[in-house]
Amino acid sequence: MIEMQDVWKEYNNGVTALQGVSVRIAQGEFVYVVGPSGAGKSTFIKLMYREERPTKGHIFVGGFNIERLRDRQIPFMRRHVGVIFQDFKLLQKMTVEENVAFAMEVIEASKRLTRKRVKEMLELVGLIDKAKMFPNELSGGEQQRVAVARALVNKPSVIVADEPTGNLDPDNSWQILKLFERVNDRGTTIVMATHNRELVNATRKRVIAIEQGQIARDEERGDYGYED
Amino acid sequence: MKIRTFGRHGKEGFKNLFRNGWMTFAAVSGVAVTLLILGVSLIISVNLQNILSNIESELQFNAYVSDQVKTSDLPVLLHEISSLGGVKQVTLITKEQALSTMKKTLGPNADLLNGLGNPLPNEFVVKVDNPKMIPQIASLVTQISGIQKVQYGASFIPRMLSIFTIVRDTSIIFIIALIVMGMFLISNTIKITIFTRRREIEIMKLVGATDGFIRGPFFVEGTLLGIIGAFIPSVILNQGYYFIQKNVVLFPPFSLMPDPIVMNRVLPILYAVGLLIGAWGGIMSMRRYLKV
Amino acid sequence: MKIRTFGRHGKEGFKNLFRNGWMTFAAVSGVAVTLLILGVSLIISVNLQNILSNIESELQFNAYVSDQVKTSDLPVLLHEISSLGGVKQVTLITKEQALSTMKKTLGPNADLLNGLGNPLPNEFVVKVDNPKMIPQIASLVTQISGIQKVQYGASFIPRMLSIFTIVRDTSIIFIIALIVMGMFLISNTIKITIFTRRREIEIMKLVGATDGFIRGPFFVEGTLLGIIGAFIPSVILNQGYYFIQKNVVLFPPFSLMPDPIVMNRVLPILYAVGLLIGAWGGIMSMRRYLKV
Amino acid sequence: MIEMQDVWKEYNNGVTALQGVSVRIAQGEFVYVVGPSGAGKSTFIKLMYREERPTKGHIFVGGFNIERLRDRQIPFMRRHVGVIFQDFKLLQKMTVEENVAFAMEVIEASKRLTRKRVKEMLELVGLIDKAKMFPNELSGGEQQRVAVARALVNKPSVIVADEPTGNLDPDNSWQILKLFERVNDRGTTIVMATHNRELVNATRKRVIAIEQGQIARDEERGDYGYED
């Protein structure tokens, strides 16, 4: 489902964020990506929906060969990947419900279905009473949950989440994780970068540890590691 | 694209106009002021062209009749002049008419003419087809017996004509340059406006929107912005010109063209510039932010 | 404020100019184009004023001498006319001079005049202090014996004068309106530019910067922006006008004013508008974002 | 040192974020602020440096009466409070070192001292080799550490931190916390909103729990609570 073959990423300023990463994630897997700050987790994730392009190597996501993709095809590839960005990336001019609905308008879903799904998702992340508010009227954790709702609303076949619980209290974090597990049970692939040791250790899934741009560890049913 | 998506773009574009608040206001007023300047210049230019061609067509010379010619012979002379090639129109001004015109001009000072008799001669005003022909035709008229003297601006006329040509050409170049600069100013404003929304565009792209989908509402917004930005100056110009044209009393050849004719020429240009750059320019300047 | 802080503001302002990349470019070019339009209009207006006052001072009438007057008496007549009140200058044009001028005008067609003798009379060209006095003075000249006839544009002159007054007043109103609108356009551009940096300003405020400290670099940046934005059109105008003035051959009263005189009037206005709005306008429009 | 008396905060959109909060934090204390997402922690913190103003009640920070403060005095009050914002609030047009130096330029510190302190701080947060980069060239955690450096560089008498470890791995989180403790030992008051149960439970300091805009718990040497 997701495959990287000897992927390198050097940013314009000369920083090499990834050095020869090869990995294969099957459809329906649940993968934690862990590692210290600046290790290259976000870069690893950004390559999957082509926010960044690799300097070298091959990437396949779903049926798409990411580097060969024509510009016109990029949006269609992205519709298969629900992304929760580390910095949320909410549209400031749109209300919470408009933000979530946007992902469905893009695929030209019917109005009725959109309304129904948006309502469902906002209920799931516990923000139905803030539906009419704008992002800058929300707390950090609330914004993060809007981002989660937007990523899931389309039922994408892959969910890619960059620290989706960074701004959430343990309770809410657990709920989001439960949500992911439910979605994962239905066959959705989930790749989640996280610093949350509690979650990782409590759920025991596949763990990919990235350190200095390389895969340092890749364990089925792994733990967070880095214990002192 | 599905029909309902068109509807959505329209609605979103309209909404954005309001949600961007004073930014919309700044852009619209920038467009409006630019088009106002352009419009005023166009109106002046259109009228200038008109006045110049009025003057050209008014160019004429005078032929004075010697006092020996009898009044009854004047029509014969008139006919003789009229039949020369290149003559458009010949008008007789009798010495009595000339005197009364002079008296009117002198107004309260007309008394000065009393007791002088009438020193003025009978006179023909000759209009020609092509003002450049005046010297030739004038010299032919001089040869007609009974004509004492012809009178025209001498070297003045050809010079005047060369000035007119320069003024006309300059004003056309000026207007074209102004349209180009106006377009530049408007597209500049739009470019900066789009720049403030680059993050918005990038996010949409990352969430899976196609370029066309993102452009839709921007296109609607730009169109509305262009229309409003052209509507404001067109109202001001229309009302303002109507007022001026009614209230400023001039006389030929310096007459202002009638309101509808001028507006028919000027307003389409304003709307074209406003719309074109509002909608199309907006779409163009967002291209770079779509490369995500 | 400490001295080194001034230095810092200068350096930061300069740096920002570059770090804002094409945004600076957009703002500078917007200011430059606006000032270019303003400058061209100012130049036209200044020259128009000049031409109008040239024409006014050139206004004159002709007095034709009857053929009975002997050539030796012409200086007496000239003195008589000169001594009338309000007469500025009287020039004699002998019938021979008049004929040769006419021949020159006719150029290749001058042959037409051959064999006609010289039908033209001796003539005085009378210039007056105030063109409005022409009718009165002309009627006085008519009364001098030996003067056969005076000739002037009749009702044309006062009408012409009223047109001049209208054109002059309109062009002044137009220029003032244009300056105001130019200021609006520039401040609009600056306002939008500042808007794109509102977050930057707010963050600075939250980190403990005083309003003055934040304004410092913006002031420097705005000043530089204003100077560059005025410098570009001033170079274009200076070179362009110099070129046109050298190459377009006109003749009085339609002469272009010399380069330095025009530029001395126009350039200060450009720099004043550019600087004032660049620096001061920037500072003003950031006020709202300082309220954090 | 910091005192709130019956403070209420209602936002313009009608949301009441704080309802009658009274609290007193002495100079040199170290206080954790915990609570679920949207409880009002950030609002509580924003009131301390006047990013938001209370609808009702009185707030004193250092010698300053926050609501009575004249506009001209606000910057001087803020210089006593080092703030780490939940969304970092770095200046995008400035490099890492310029961002940190900015806080010192504001108080017109000498160039030499500024350079020295900036270098020290960047070393402490482990970013000395990224000094010349711009914020958008940094990972989420790196940006957060720049924000920490900027807040501390001036040696303010109060440090107010809104989830300063939200984007950091446990290792880096511990280091930031150690840094805070060192600064706290020198007498600096520290108020830190956090979701990090591990940190709170391991260090046992005063814990203020906010729930639905009210103080639900205020314990010396408390724990994170909310265990399931």
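For clarity, chains are labelled A, B, C and D in written order, and residue numbers in each chain start from 1.
Operating definition for what follows: a residue touches a chain if its C-beta (ideal position, glycine included) is under 8 Å from a C-beta of that chain, and two chains touch if they have at least 3 such contacts.
This structure is a prediction, so every number in the text was calculated from the model and none was measured.
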Using the touch definition from the top, list the chains contacting both chain B and chain C.
none
In the touch network of chains, how many steps separate chain A from chain C on the shortest route?
2
Based on mean C-alpha positions, I'd like to know which chain lies farthest from chain A.
C
Chain B to chain D, mean C-alpha position gap in Å, rounds to 65
Whole-angstrom distance, CA centroid of chain A to CA centroid of chain B, is 62
So what's the Cα centroid distance for chain A and chain D, whole Å?
28
Shared interface positions of chain C, touching two or more other chains
none
Residues in chain D with touches to at least two other chains are numbered none
What topology does the chain touch graph have (line, ring, star, complete, other)?
ring
Pairwise touch list, complete, is A-B, A-D, B-C, C-D
Within their complex, state which residues of chain B touch chain C.
23, 26-27, 29-30, 33-34, 36-37, 40, 101-102, 104-106, 109, 112-113, 116, 119-121, 135-136, 139-140, 142-143, 148-149, 151, 154-155, 158-159, 163, 166, 174, 178, 181, 184-185, 188-189, 191-193, 195-196, 248, 250-251, 254
Chain C residues within the chain D interface of the complex
1-2, 4-5, 8, 16, 19-20, 200, 203-211, 213, 291-292
Footprint of chain B on chain A - complex, ascending
49, 51, 71-72, 74-76, 78-79, 83, 85, 89-93, 102-103, 105-108, 110-111, 150
Listed in rising order, the residues of chain D that touch chain A in the complex are 11, 13, 15, 34-38, 41-42, 86-87, 133, 137-142, 144-145, 162-163, 166-173, 195, 197-198, 224, 226, 228
